[in-house]
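See structure below.
Naming follows writing order (A, B, C and D), and every chain is counted from residue 1.
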């Protein structure tokens, strides 16, 4: 556990150091990349909460990201630009969607759960594709970033980055708390053995559903950040590829230890940037790396690092 | 109206048959080896690309097909040997990760080899054109051929699975993998075989559609999701389920697209019906899947989850 | 025929077998005795390569097959009648028998001759059979692989007394036919009639070995390790 | 772990070129197009057309030229970031792109607010032509609706009174049918929106067969168009005239081949458009790339010459207002002959009916049949208030 806390401190410290580094290197674009990484890290963190601790492999988490993004766009168009209100709306909308779809999805197990969550995300995707009032498939451009306490300070990339990082940090702490609580233990227990939990008087379904809703709400925060980061929303945010990429991030970083998900998002996106910088065919190399890492390690890059450095879990 | 309905039904069946060819291999690999293979769709795509190249090289569809099938089979064997074999005893997550990576690799490789522009294969002379069906409605011969090929394949699969020793072992392995091997069956070899065979079926489906659909780097992805929907509706591991699920998805999708707006117009304002139809049509198969799973969490023909 | 020396195995981090030694000669009937949870089924699983041996050797007909693939061990001459019978539910009786069959003296006709009831139910699915029928099918299924050593894990558990007797009769017939048998069961009286030698294990270790007479003469072994 | 990450970030920086070296003698042009995924062929056409012209010109605008090509992966969020990367990190003065209208929506702010000029070789969404027109945005292609309006006018001219309309169910699809109906006032046999990315049109074709309309108007870009056209022919519907926009062009014809011969499309350019410049362009393009150029390539080619002329006229890129004024003047030799921008920075140009032909060399191409509109401006120009 101490190793994890250390890793978390290091990763957050590295994040916090990006803006000064960017100014020093005279390359403000680094902040843009870092903000994007933070957005995906939030979504991956949300996914790891249910995937790593509840054994629920959701292949549709992009839907929540999309709901968060559209909360910003729709409220923004209605003149409500306050970040807090938008976050609230995103969380409420995503929770409602998670409650309904989760109640149905959690009736299934294993691969069926993977596929039914995908189905719901596809429905959400096609819903927004057909929603002409908000740009349909074209998506819509946001005229400006959200406001914070009535000020438009988020226009500044640096401030926006630190606010996003703050959100990630807060959610990380919340997730850590949840995992360490009695609720978290029940959740883990329900992953190991649903029957036994039933026998000792816990209904895993209720716990799993609550966890699913929390995770969906957290993922919607990622959407709020992403929409502000690109100043644009589109159904493409909820494409199944995005859901797949989130799983990739979680698994790359090592399932079920929260900071691993953040680390996975960093690795995946930095790797894409890095490969993209010197080859048009970065997808080929990225894919090969994914296959290679999976074959070489049972616990993602995190596991590989641990193994190479001789550390223990 | 009745004629049109029958024709659309035929269209739905044809789409379903195509989905069945792709889903059959997927459900075998999924059900018997408990393996999530996201790369199945790109194998379908590779089948189509190979056909285009081989048909051009040899100057005919049939010779192209004759070369494509063994090539995809070998490709399937190679992939099994290099990648999949090492993932059987891993979690579904690792399998998703590796095969997701493989999708990226193959898609990019296809673009490097064949370029990004859509390609096409010439239709075999004997199967081109259309025949009159009912009234002014005509039906393309090649589509009838696809239906026939799909039914024959289905029949062949049914025979192999219910009537041959290999089929018995497959079914046995689906429930008691360890016991099958402890009775002296080389389950590893059996798995390689199923995998390569499933790949060949997907490649065959790709080769079948090359003359009627555009062969482009995105073709694998769209069918992959549909194929997953099919096998989940049908119940994972069940060929019967894949067949039923494929026909169901094909028919619901086709009829929903063509008659959904008409039905909606009966209950809604025309403008609202148009809007609702546009929103609902693409969601239909996913709604179908969610409904099936809500009632039967392991699909129509699935063993209990 | 089968020699097991110092076999060790574990589930995850917990060691279950701490060194099992046993051997079965050609045509011999040997029992593996012990209370529940003492490692009998684990021993069988490890012999068959279904569980990885951490130490020790499994030698079959002179060949070291420790940790070999299960199918190689089976083909070396071992036939498994697993605990819980594990009949293939989606195959019918005939298919259950034929799926893994290998050529030899045991043919479909001969197995059906041994178990006439299976012949009557040849077209029924595995999961439509009664417990006794399933047990006969599991034995028949193993016989169809023409093994030189049958390994039966709790072959009479949960069966009605009449059916049990039928199974014991069948095993006796197999012994007469020259089959070697390694049998795990709790019904010591029946085993006494059948077996040549007994191996008693306790907490993953062999604690006693001997023939019928010795076991007869050592009631404390029964009391202490088998409490029947 | 941390040190490693920083190293990677630093390495990324180095490989992508050192941060925005301010160099006034260099003209930096970012090219942001869809170069991967199913629609990559369109981006490749535009890129090749642009590159061809750039190679011919050498020093664009008389300045040392650096061209940075980026792939938007047809994902708006990626595109927005890449646009910022081009402008903020690489210091691009001008960005040429994109192909898709939704991408245009995502990148117009990052490019123009970053102080660069965006020139679209294809996408021409209505908002950018009308209410949200932008001083620093130019479309060298068309407004999206115009090609559809061409076909509407043609259908009207033919006296059709029973046309079946089909388009994919997304924004551009809905706009296209609206555009067609803008200049067509006859009867509509049916109006169908298909799923985006749909492969199989047998259900829709059965309906068309049952209705036997005077003509079909289709908007089916990319692979969808390939499928529709081939299946249309296979269903034996070729006796019904096939009118289209962005459905049969040189990017899809290599796959449609004979199936598309005789099908019509509305366009502002075709390979056999009779201007000197165009002949030279098409010959050079076919020579270099071994394929027939599509309008995307022609627009990319024009974009390079437009930039060249404007930068020369403005005497560099230092004075943005002067550069915009020079671009507005559009004093360059276009492959389309006469070329002028309207007040909303969209072209005012001629539009034609084109037909698919098999050329003598065995290649398939569109061929001009007759002009439909002359000096035609888009319908949104009135909504544009540029300060």
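To be clear about the criterion, a contact is a pair of C-beta atoms (placed from the backbone, for glycine too) under 8 Å apart; a residue touches a chain by one contact, two chains touch by 3 or more.
Chains and their UniProt names: A, B = Branched-chain amino acid ABC transporter permease; C = ABC transporter ATP-binding protein; D = ABC transporter substrate-binding protein.
None of these values were measured; they are calculated from a predicted model.
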Which one of the chains is farthest from chain C, going by Cα centres? D
By C-beta contact count, B-C versus A-D, the higher one is A-D
Inter-chain centre distance, chain C versus chain D - centres from mean C-alpha coordinates, in Å: 74
For chain B and chain D, what's the span in angstrom between their mean Cα positions? 34
Quick one: report the Å distance separating chain B from chain C, using the average Cα coordinate of each chain. 43
Could you tell me which residues belong to chain B and also touch two or more other chains? 108, 111, 278, 282
Contacts with 2+ other chains: residues of chain A: 129-130, 283
Between which chains does touch occur? A-B, A-D, B-C, B-D
Quick one: in the complex, what on chain C touches chain B? 48-50, 69-71, 73-75, 79-80, 82, 86, 88-91, 95-96, 98-100, 102, 141-142, 145
Given the complex with chain C, which residues does chain B contribute to the contact? 165, 168-169, 171-172, 174-176, 178-188
Hey, which residues of chain D end up touching chain A in the complex? 1-2, 5-6, 8-13, 15-16, 19-20, 35-36, 71, 75-77, 80-81, 84-85, 88-89, 101-102, 105-106, 108-110, 125, 169-172, 174, 196
Residues of chain A touching chain D in the complex: 7, 10-11, 13-14, 17-18, 21, 25-30, 32-33, 36, 129-130, 132, 135-141, 226, 229-232, 234, 236-237, 263, 266, 270, 273-274, 276-278, 280, 283, 305
Chain B contact footprint on chain D (complex, rising order): 35-38, 40-41, 44, 169, 191, 193-197, 199-200, 202-204, 206-207, 209-210, 212, 222-224, 226-227, 230-231, 234-236, 251-252, 254-257
